[in-house]
Amino acid sequence: MSETPFVAEATFHVRYAETDAQQIVHHASYIVYFEEGRSEYLRQQGTSYADFEKSGFFLAVTDVTAKYIKACRYDDKLTVRCHVSNARSRTIEFKYEIIHADTGELRVTGLTKHICLNRDGNIARMPEEWTKWV
Amino acid sequence: MSETPFVAEATFHVRYAETDAQQIVHHASYIVYFEEGRSEYLRQQGTSYADFEKSGFFLAVTDVTAKYIKACRYDDKLTVRCHVSNARSRTIEFKYEIIHADTGELRVTGLTKHICLNRDGNIARMPEEWTKWV
Amino acid sequence: MSETPFVAEATFHVRYAETDAQQIVHHASYIVYFEEGRSEYLRQQGTSYADFEKSGFFLAVTDVTAKYIKACRYDDKLTVRCHVSNARSRTIEFKYEIIHADTGELRVTGLTKHICLNRDGNIARMPEEWTKWV
Amino acid sequence: MSETPFVAEATFHVRYAETDAQQIVHHASYIVYFEEGRSEYLRQQGTSYADFEKSGFFLAVTDVTAKYIKACRYDDKLTVRCHVSNARSRTIEFKYEIIHADTGELRVTGLTKHICLNRDGNIARMPEEWTKWV
């Protein structure tokens, strides 16, 4: 893994459905934003998690950690930054920062860990072409 | 179809994640409540939509209609009432009423239409045992 | 209302969380996509629904209709087209088309009706500046 | 805090909308199940988080951790067990176990940390009656 990892960014507006009665973004919505960061990461690597599944592999989530620094609201323009923080033959780990796109202010940080499974649901080595870009 | 159709009821509390910044239940959440009504309908018929899929069939949603009469809030105890309003060899239609469980007050009504698909995604006749209970 | 209404378009990728075990986009997710269309409509009019609420008014959803033509999948690039199909002093109605962004193929159509409420939850006339752009 | 803490349990079926294209429960859905555990915890203490908010206080989520042990599927009957694992004058921490209700098998564990805010969004001491039951 290189010392300065590739960081992908996805920018979007908060949807009304993602807010809650506290009039802020519901804390579970950020877990979906992390996933949007992973999706964008793979798109920018010229691939897609959809292709990964088509080739017969799945990434199962084993761990999620999120730290909430400041609340976000409906229509806020947010950027999720995502990079691979660790990768082995059977596991991969992503880190996330969600910032307000206009001010750059940090709002949420997080980490997800994943394990590679094959079609039978057994732990498998990642296909080689998927370990190159990390 | 009998003149007095079987009506299934599922009762649950509104989750905080289902509310929005208007401090009421988000309108898309009721579509999920309708689905909870369908699931309960099938459970009370001694079957499950999971079994339907295991037997190689799928119900694809073709139409959703919802009419919102009065807002619901976090922790409200709601009952969704669900019955089959129409059934043919390849299609099925459910109607819904969502009421406040304590007062019986009507909050939302709705209708969903579904078409039966086989594993290849083609329109198929419903398996016989699934048309008996309607 | 003009004869050729203004149509706003929002384009985005399907998120994994928006799919279901049928491996397609869950039907309730499209109701949220409709809302994304409304949000974009207002942004392109130089305003925001957030501003609407700040000015003391709310748009409550009274009706939702969706017609599902063809399924969408994870990572599909979709465009929601949204326009105002009817507007009166106290109510407003939006129509939607969701198309696959690459092929232009129509996937879902829909309609939502809304009523204007004030802070007390009573039906109110829309503020004048909000009726100009329809 | 007593040595054997009070543990609340909420039992429910997995909804179809909570699954994803991997045909298992989406990992963000469990964060909502944790919340359902908190809600039930407060109900069993004879109160409600809705009352907490009515009294002018809010619990903002500052940290979420989840560890996924085994996947769950549509219609699985799950029980979330929730207890207070730490409580101070301004913060509270809950721990969760999600088990399959029929087999007792452990599926997901988690932890959430919260800080008490007043109506102005400032950190505040918890109201006394809310610290008694921990």
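A few comments on the model shown:
So that you can tell them apart, the chains are marked A, B, C and D in the order they are listed, and the count of residues begins at 1 in each.
One rule holds in what follows: a contact is a pair of C-beta atoms (placed from the backbone, for glycine too) under 8 Å apart; a residue touches a chain by one contact, two chains touch by 3 or more.
Since the structure is predicted, the reported quantities are computational estimates derived from the model, not experimental observations.
Centroid distances built from C-alpha atoms place D farthest away from subunit C. Judged by contacting C-beta pairs, the busier of the interfaces B-C and C-D is B-C.
Interface of subunit A with subunit B: the two copies contact each other largely through the same residue positions, with over half of all numbers used appearing on both sides. One inter-chain figure worth recording: subunit B and subunit C are separated by 23 Å, centre to centre, where each centre is the mean of the chain's CA atoms. If you average the CA atoms of subunit C and of subunit D, the two centres end up 32 Å from each other. Counting partner chains per residue, subunit A shows two or more touched chains at residues 16-17, 21, 28, 32, 35, 73-74. Within the complex, the subunit B residues that touch subunit A are 16-17, 19-21, 23-24, 26, 28, 73-74. On the subunit C side of its complex with subunit B, the touching residues are 21-22, 27-29, 31-32, 35, 53, 58, 60-68, 71. Those residues of subunit A lying in contact with subunit C across their complex are 12-13, 15-17, 32, 35-36, 39, 43, 48-50, 73-75.
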